[in-house]
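The structure appears below as structure tokens.
For clarity, chains are labelled A, B and C in written order, and residue numbers in each chain start from 1.
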Amino acid sequence: MTMTTNALPESAPPERKPAAPPARPVNAKRKRRFGSQAATGWLFMAPFAILFIVVFVVPIGVSIRSALFAQKPAGDGLYGGGEIVDTFVGFDNFALALGSDVFWLGMGRVTLYALFQIPVMIVAALGLALLLDSFLVRRPTVFRLAFFLPYAIPGVIAAMMWLYLYTPEVSPFMQLLPEGTDLMGPGTVLLSMSNMTTWTYTGYNMLIFLAALQTVPRELYEAARLDGASGWQIAMKIKVPLVRSAALLAVLLSIIGTVQLFNEPVVMEAANPWMGKAYTPMMLTYNSMMGAISPSGTGPASAYSLLMAAIAGALAIVYALLQRRKGASA
Amino acid sequence: MTSRTRFARFTAVTAVAAISAFGLAACSSGGSANSNGDAVEIEYLHRLPDGEGMTPVNEIVDRWNEENPDIQVKATKFDGAATDMILKLETDVKAGKASCLAQLGYSEVPQMFVKGLVEDVADEAAKYADDFSEGAYAMMTVGDAVVGLPQDTGPLVYYYNDTAFKELGLSVPATLEELGTHAATAAAAGKYAAAFTPDEALSWLSAQSAAAGDVWFGSTDDGWTVETEGPGSQKVAAFWQGLVDNKQTLVTERWGEGFTQALNDGALIGHVGAAWEAGFLLDSLDGTPAEGQWRVAQLPDFGAGAVTGPDGGSGVAVMKGCEHPAEAMKFNAWFNTQTDDLASQGLVIAANGTPETSEKMLRQFGGQDVLAELATASANLNPDFVYAPGFASLTKMNETASNVAGGSATVADIFTTAGTTALETLEDLGLPTNK
Amino acid sequence: MSVDLVTVPKRPQKERRQKAPAADLPPKSVLPGPVARVAGIGALVVATLYFVAPVVWVMFAATKNNRDLSSTFGFWFADWNLVTNYESLMSWTQGLFWQWVGNSIFYSLTAGLIGTLFAVMAGYAIAKFDFPGKQIAVGVIMAGLLLPVALLTVPLYLEFQALGLVDTVWAIIIPSAVSPFGVFLAMVYAESSVPSELLEAARIDGAGETRIFFTIVLRLLAPAMVTIFLFVFVATWNNFLLPLLMVSSQELKPVTLGLFGMVSYFAPDKGAVMLGALLGVVPLILLFFTLQRYFQSGLAAGAVKG
């Protein structure tokens, strides 16, 4: 199965399309219509574009600008001069961010976390989707909803809930574990946090896979069965390749989400101060802005966040390219 | 500051044009509409709990509004954490739209002043200074400037389970040394007379240092001096280190379930804590046999006599750009002297006078006049201990403190962390230091 | 031809009718063997426990007081404290709890509708029209996907201050309604399931672009729209930092913000918070129940992109 960016979905083979109009001299018409096409195109783009400018472009502009400035007190008294002036510092803030051990240490942590959490979540989601797609149960809807339920719980609430479940004194689960198990120690907290995200997003990813799987005609499976393929073989040889592109999207979104890991570590840090205020890059950024980490202010915070975006972008592009090459050679 | 504002305005204008084209601008509501003609309108941003059984802030404010038709106050409750509120205020001031009055933690005040987010209202404040405890008033003072009025205080006190103490033959500890021997006695009986709480290290240990007579921040002509490892700190460090090493103290997060659990099952029978904890510390014991067994006492003598240190507390400051500072301060003074109402919010008030101890507290503390005891503590606050700008970054102390339990750091290390971080922060802020 | 029609966007009505019975009657030949069946069902049950148990725990917690919460078994009742917790919830929220739930519904619904319509329009434009600056627009929108949105909230707040939109419903709705992911999804879906020939034919018949969009394109894109709508709806519902900064009036708060207001103080009434969390999630769950079938077919659109 070859896939290009503009591939039609398997589910919409040409014969199902409404009858195409008889051939017309479209090209000539296209040329004449280009001007009006451009106008119409922009007209449809306009509402989104305007809001996008308001909500993304302007704040990004403000961010980039403030990354070039530092906030310094106006006077040289003990308390400055009772005012802050924005001082242009060029790329000092970026140099600070690039040279910050704390930042890269945090990056290292989220990388470690991603290497574990993303594969586990994707494999679990895929496994569940395959199970639900193999006629094991008569009413998959019940399971589907159960798996999807965590996605509906607001992040703040979910994090609070897990914190409870990890606390030995109150957790109904931890009584089952060996005495002295610490789920929030330096060796385990990354695992515990990845459990929190896995719990929330596995169902969501499973739905994506399930949807992709259900585009396959059942007749294909029957034919494979008649050829002597086992259920396992069908799953691995026919179904898994079909959800490859869905998995790509899920992994991409997970990478972006992981670089920005924030809610979970913040809640965990509140109960485990040893983690510090800079456990993940996003925490470092936020707390720099809040003045809980020195040097503070919008300057360093903006530089950190732009650096994070650049890293997320680079990772996403690298991953997409790798996958595409693999797909092309397969 | 100016260049930032100009840029924001430029982008804003562009965006307004864009949005107007879209027909949304008409829906904005400035909130500046003034229905009372000449009345002055004051906005007040707070994060008081407004919880069950408390006198809501809006109810207190309504009373003011009825009596003062020419100064109308609008109180708004902020739902986030204190740090989030600072962020909001900072942004609001930059946009020139901050509320006139806002609640600020004492340790934040110097930083806010450096950043130019608060007004100097020294002349107005002086009119009302007599109504407030001197130590608390000093907390709203930055150099020669006064930025508002104090609201509540958080002197350290000692909570203990009287019944359990009597069973073990223990008296109320008068000195730190005595607390140490009590802890040993209690530990032998499987109980804890104190809890070491890493998540509160910043305010809790700095306050103990102050109680032992230390002052962390001072100045010379060259700039700030930082001394976090003075004799007081050393004494405090040695005390807790001994308790931790000998397993004579509970080591747990103050806001974790471990603390509540130890309190509920009777393992924890004493606690060095802030005065404001009296409002809720014993809630989980209601309806159990332990109800009414606890008492509150003055902090044992940490070596400086009848002195305690500030653990938290906040005031109401006048924010930069407030158009009617005099009127705002008039309300500020009135509001913060509504002692009974504020006490209902669980505050240990900074204003003079002792409000009546609530029924709930009487029940939980076996009839003790809790608020009178706390007022004494408030009066004993170390008057020389002030905060420097950037104090918030000392949360790094908590990080070190939580390594104490595992043995990878000592209590003394926490104070070292405080010193290096404080100096670093002052330099990063561009303020003069005296190394 | 049965279940596999689910993602064929041209037949949304049919899909609904055929799906349920077909899923229940698989051909005999593809049914798994008994061993695989037991193992498979076992795995599904374990997974269900994993996903549902924490929520069940919250349900029990909602009926307890603070003391019982930490001292009694998590998966059974202690003293029945539900009514007290409800009263405490109402008191802490000054009786505004249900209004906050209503606010959340209003914000999520409005942002979802506006966001979906705009995203679909933009995605359709990118997929089916040539216009100058298109490549740049696509690049910029995709870059929007990569940025930590939480950090844009502060500059955004500054901007909305200047616009005078702070503390209005628009301060929550406008930022929530912009979904680069939605545009991406709509673009992919429009590329694959809106035949250009159909558009040409309609144009030749004299239909205006607006009419074509609203009568033909929207119908073809319906499954993608459901997905985008739910995505925006949930993101709006769960957003915390944005409303925290943007609104200060009690009457405008969404429910997540109000609940957080309860826990950000010392010694919160945890049972009441849990109850609030549960009650606050109910509308979301109802929505999923209603829309999940459409949702799933829409998600397949995202699955197509390679």
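Here is the rule we use: a contact is a pair of C-beta atoms (placed from the backbone, for glycine too) under 8 Å apart; a residue touches a chain by one contact, two chains touch by 3 or more.
Here is each chain with its UniProt name: B = Extracellular solute-binding protein; C = Carbohydrate ABC transporter permease.
If you're wondering where the values come from, they're calculated on a predicted model, not measured in any experiment.
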Worksheet item: Taking mean CA positions as centres, which chain lies farthest from chain C?
Response: B
Response to the item:
Of A-C and A-B, the pair joined by more C-beta contact pairs is A-C
Discussion item. Could you work out how far the Cα centre of chain A sits from that of chain B, in whole Å?
Written reply: 38
Response to the item:
Note: chain C sits from chain A at a C-alpha centroid distance in Å of 15
Worksheet, complete the sentence: Where chain B touches two or more other chains at once, the residues are 8, 11, 15, 19, 84, 87, 255, 257, 260-261
Worksheet entry | chain C, residues touching no fewer than two other chains | 70, 154, 158-159, 174, 260
Worksheet entry | Where chain A touches two or more other chains, by residue | 47, 54, 58, 62, 66, 164, 169-170, 289
Worksheet item: Which residues of chain B touch chain C in the complex?
Response: 8-9, 11-12, 15-16, 19, 24-25, 27-31, 45, 47, 49-53, 56, 76-81, 84, 87-88, 91-92, 94-95, 97, 255, 257, 260-261, 264-265, 276-277, 279-281, 283-288
Worksheet entry | In the complex, chain A residues that touch chain C | 3-9, 11-12, 16-18, 20-21, 24, 26, 34, 37-45, 47-49, 51-52, 54-60, 62-63, 66, 124, 127-128, 131-132, 134-141, 143-157, 160-162, 164-165, 169-173, 199, 202-203, 207-212, 214-218, 221-222, 225-226, 231, 234, 243-246, 248-249, 253, 256, 259-260, 262, 282, 285-286, 289, 298, 301-302, 305, 308-309, 312-313, 316, 324, 327
Practice prompt. State the interface residues of chain B toward chain A in the complex, per the touch definition above.
Written response: 1, 3-4, 7-8, 11, 14-15, 18-19, 21-22, 83-84, 86-87, 110-111, 113-116, 120, 142-143, 145, 198-199, 201, 219, 223-224, 253, 255-258, 260-261, 389-390, 392-393, 395-396, 398-399, 401-403, 406, 421, 424-425, 428-432
Worksheet, complete the sentence: The answer for chain A against chain B in the complex is residues 47, 50, 53-54, 58, 61-62, 65-66, 69, 71-74, 76-80, 82-86, 164, 167-170, 270-277, 289-296
Worksheet item: How about chain C: which of its residues touch chain A in the complex?
Response: 1-10, 23-24, 26-27, 29-33, 36-37, 40-41, 43-44, 47-48, 50-52, 54-55, 57-58, 61, 69-70, 73-75, 117-119, 121-122, 124-126, 128-132, 134, 137, 140-141, 143-148, 150-152, 154-156, 158-159, 174-175, 177-178, 180-181, 183, 191-193, 195, 197-198, 200-201, 204, 209, 213, 234, 237-238, 240, 256, 259-260, 263, 273, 277, 280-281, 284-285, 288-289, 292, 295-306
